[in-house]
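Structure record follows, encoded as structure tokens.
First chain written, first letter: the chains are A, B, C and D, and each begins at residue 1.
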Amino acid sequence: MKLIGEKGVKRILMLTAFSAISALLLIALFILNEGLPFIFKYGVKDFLFSSDWNPHLGKYGIYPMIVASLWVTFGALVIGAPLGVAGAFFLTEYVPKSIMRIIKPTIELLAAIPSVVYGFIGVMVLAPLIRNNFGGPGLSLLAASIILGIMILPTVISISIDSIMAVPQSYREGSLALGATTWQTIHMVTVKASKSGIIASIILGMGRAIGETMAVIMVAGNSVNIPHSPLDSVRTLTANIALEMSYATGLHRQALFATGVVLFIGIIILNSIASVVLRKRAVKK
Amino acid sequence: MKTKFHIKDLDLFFKEEKVLKQINFEIPANKILGIIGPSGSGKTTFLRALNRMNDLEDGTRIEGNILLDEEDIYKPDYDVVALRKKVGMVFAMPVPLPMSIYENVVYGVRLSGVNDSKLLDELVEKSLTASYLWDEVKDRLKTSGMRLSGGQQQRLCLARVLAMEPEVILLDEPCSGLDPISTAKIEDALTVLKKDYTIILVTNNTKQAARVADNTAFFLMGELIEIGSTGQIFTTPNRIETNDYITGRFG
Amino acid sequence: MRIHPRYTQRGAIAVLGGATLLTLLILAFIIFFILEKGLPGISLSFLTTNPTDMGRAGGIFPTLIGTIILPLLAIIIATPLGIFTSVYLSEYTKENKATRIIRFGTDCLAGIPSIIFGLFGYIFFVVTLGFGWSILSGGLTLAVMILPTIIRTSEEAIRAVPKSYREVSFSLGATSWQTVKKVILPNALPGIVTGIMLSIGRAIGETAAVIFTAGSSLRIPSSVFDSTRTMAVHFYILAREGISAENAYATAATLIIAVLIVNLSAYWLMHRFIAKRS
Amino acid sequence: MFKKILVFSSALLLIAIMWGCGKGKTSITLAGSTAFQPFAEKLADQYMATNNNVVITVQGGGSAVGIQSANSGAAQIGMADLVTLPKEAKDLTATVVAKDGVAIVVNPLNKVTDLSTDQVRDIFNGKITNWKEVGGIDAPITVVSREAGSGTRSSFEQIVTGINLKKDALIQDSNGTIRETVANDANSIGYVSHGLINEKIKALKIDDQECTVENIVSGKYKLVRPIFLLVKGSLEGETKNFIDYILSDEGQKTIKAEGLLPAK
């Protein structure tokens, strides 16, 4: 690296950062380019707020899917985030390090299980469980939320563990020395110091939950319906794209890309809300 | 007597706030300058201006000049890396890097491209001896620097600076967290070291300044109130604020 | 009302421990479920022979190759890009609107479904650049897909390195790059490795993006311009077209055993590296 | 350490790129319908066993990808299991190489064994919602269908006619997942490729006709859909040879043995 010099290093880093970011930008442009024209042609209002999705009749209304996506993501976070963060705190603060060193890679293993496998477990185990205990078709909003909640666990736990571990030991010792219990130390000191990483873990987990397709397609039931209870079958935006893409041509295909545009914008809005809410709460503390 | 630093009309701003106001004085070479003053008086900020550590904080800006050996260290193309090699620094909290004692000491030298292990070995012994740590750690140089006690860690930090053979050593309240014995060891080291180095010691402990400093400067609210020989400052201060501070009436 | 700390402590242990137990039980169940269905189908010949009869019989040898080579290529491309980007963002630029927008954009892209990455890869790499369905197209697509995770986790890890380490390093005359190389990256390593492991996981488990870009050919690839099939895709095809549930689960079981070995050895290497340093 | 990793990875990358380049064989790529993909793989293997100057690669991606890639040239042959080809396929030469029977299936625990076309229509449209209305137990019917555009669904709707799928029908996007769904829900009804019927699901008689190969071939059983191979321009060279092989007695025998129906 000496050959290149400090300025050269900076330039190389800038170049990589730039190329990584432009690759990501390219994706964003790709989605917009394929989908935006359709939205304007079909009409923003009809596309977003009509409940009639019937591609072979030329009806493309995605309102029920927007509602379903929000519910499923919310449900996944309600299930996955508390479990994951609680687990991360327990594993770092109460469990010996040697044990955690085995548990953590095992949890990360779950990130590598293909989502189709989760889907099959959902269809074969979870859906009958829900159907027999609560009624409904089983393949439902609830099933999708639970499966997604489980799928985001590795992301939430792993990244949270790292940020909790990064809190200097002296903070904990300082608190414990003042007579605080481990729990008081966690919620008064450790949470605050590791907050940024925990938030990142939840946001990445939320990203995974919104973006997941295969597992959701298999367990959500996919009816184009505004859900009235967690037991109703729903279709999310992502499911809609992946479900019909393999046979879609012409306008139908454009409509699916337009669904992608809506999804993208939705993610932007959700992320903005998340960062604003979290920042506000942070300021209060 | 040779002048090491020459500070001319120095103003330092952090964002909109003026932290240092019109500082003007000279720092002679091969002496220990003690800087005293209450918390928030700008003494640490001043110290960090001397090796441009303030550059790392966003929103810091200076006016005026700081000359090191008559060369302005804030002129545009000045080599900051070379400056920091010439002007070493020991921080208030001992921060050993998470590596072995040995590697901590040679960190700065390795950065300059020295890799000859015999040379490094000699350097480690010399630096650790000069910082009064050698006897305590010579058998465990490969263990982590973080396993040392606070006092040992701070002496390790001093050794780390000495290893680079700088011309100036800046110390920012180096003994604030240490026991009297460790403090004494560091003070002993400093009195020996001033033969070869210019030492600037920021301290909250006026007695420490009285013990080791040749000259003492008193800072208050971002201003240099008074500077003179340590004897004069502590016996016949010219300013009432100085007198109040050293007799413990405020601060 | 103020509850005595002793009780909040007990309550906390109960709640946190309960949550952990539940999590571990779910995870154990999933692993058990796959192994129970899949282990009986695994044998040496299953691992070393080619599939025959549409995957109903024979082994999964070509998909083993695909599962190794494709995520490896993606990681080789994405890791340096991702780490350098996060280093640039956190160490070389001041926190300003641009970095915030970039961070925000990365967060958003983490939520784009993989099928979109797949379609992008299909149109961009497979058709426009003419790479065809190939390891190269697949690797590049997967690299772009995992980039947000790597950038974000690396950045978090880098930000968690104490500021005092940077100060010490700079005060000893280090340049920015020397500080990054000697102090920041080694100390951020655990977090960066987590990001990489999660990304490898995602690349290995991905199906949609892979089918559209790397294809699903069952032959052993002879160059990066050849198509390949990963175990995840193999499972996908076998299970979803209802060809052979038995071989599908045997594939899934092989997959998780392989990933477990990779994960554990990666962490072992990392801990050894850290232990050696300090 | 980092330098080492860097050097190592760039070396790996280089090797990967250098590693082998083309071998002067004719190469044919098929892409598209996931339903036909495994059959195409098997046919390709058989063909390559006797014609070792040809390398055939089979990719999935769905029928739409089949049409797109045949058009763009990413694949020489597109595979599609659509009933009617869309206008994007107008420049493509379509050959029907196989047919597939669509079986209407229920859970094996279901007492019902046969339905009329009208009953099927009413169930899928939501007019009949309880199994007792068609001779079963008193339980609500769960309807499972394929996604819009799917070849199986189009043929199902075309032959049953008058389908306006009820809103809360479950949708699955592959034969395998429909089979799992029906196998795990005692009150569900769905439709799959007849080659997929096994002990976990039960095929119904429709208008008293059983879904068997004989009945489909003889035309008594009406739920049948075609599988197309699509080629840009006219058929020629190795591409033609391969399609001819699929249409030959040997090729058609394989198709039949694996659970599809011969084209003729």
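Going forward, a residue touches a chain if its C-beta (ideal position, glycine included) is under 8 Å from a C-beta of that chain, and two chains touch if they have at least 3 such contacts.
Predicted model, so just to flag it, every value in this text is computed and none were measured.
Q: Give me the step distance from chain A to chain C, shortest route via touching chains only.
A: 1
Q: If you average the Cα atoms per chain, which one ends up farthest from chain B?
A: Chain centre farthest from chain B's centre: D.
Q: For this structure, which two chains have more C-beta pairs in contact than any other pair?
A: A-C
Q: Could you tell me which chain's Cα centre is nearest to the average position of every protein Cα atom shown?
A: Looking at where each chain's C-alpha mean falls, the closest to the middle is C.
Q: At what distance in angstrom does the C-alpha mean of chain C lie from that of chain B?
A: Computed from C-alpha means, the inter-chain centre distance equals 46 Å.
Q: Nearest whole angstrom, what separates the Cα centre of chain A from the Cα centre of chain D?
A: 32
Q: What whole-number Å value describes the gap between the mean CA coordinates of chain B and chain D?
A: For chain B versus chain D, the centre distance works out to 77 Å.
Q: Touching two or more other chains, which residues of chain C qualify?
A: If we look for residues of chain C contacting two or more partner chains, we find 80, 162, 175, 181, 186, 239-240.
Q: So which bits of chain B are touching at least two other chains?
A: Those would be 81.
Q: At least two other chains touched by the same residue of chain A: list those residues.
A: In chain A, residues 1, 6, 120, 242, 245 touch at least two other chains, as defined above.
Q: What pattern do the touching chains form: line, ring, star, complete or other?
A: Topology of touching chains reads as other, fitting no named class.
Q: Quick one: which chain pairs are touching?
A: Chains touch in the following pairs: A-C, A-D, B-C, C-D.
Q: Per the contact definition, I'd like the list of chain C residues that touch chain A in the complex.
A: Residues of chain C touching chain A: 5-6, 8-9, 11-13, 15-17, 19-20, 22-24, 26-27, 30-31, 33-34, 80-82, 84-85, 87-89, 92, 102, 104-117, 119-120, 123-124, 144, 147-149, 151-153, 156-157, 159-162, 175-177, 181, 190-191, 194-195, 197-198, 200-202, 204-208, 231-232, 235-236, 239-240, 252, 255-256, 259-260, 263-264, 266-267, 271.
Q: Residues of chain C touching chain B in their complex?
A: Those residues of chain C that touch chain B are 94-95, 162, 164-175, 178, 182-183, 186-187, 277-278.
Q: Where on chain D is chain A touching in the complex?
A: So the residues of chain D in touch with chain A come to 3, 34, 61-65, 67, 82, 86-88, 142, 147-151, 167-173, 177, 180-181, 184-185, 188.
Q: For a test of understanding, state which residues of chain D touch chain C in their complex under the given definition.
A: 1-2, 6, 9, 12-13, 16-17, 19-23, 29, 31, 34-35, 37-39, 41-42, 45, 55, 57-61, 65, 69, 72, 74, 174-177, 179, 192, 196, 258
Q: State the interface residues of chain B toward chain C in the complex, per the touch definition above.
A: Against chain C, the touching part of chain B is residues 51, 53, 56, 58, 81-82, 84-85, 88-89, 91, 93, 95, 97-100, 107-108, 111-112, 144, 146, 157, 160-161, 164.
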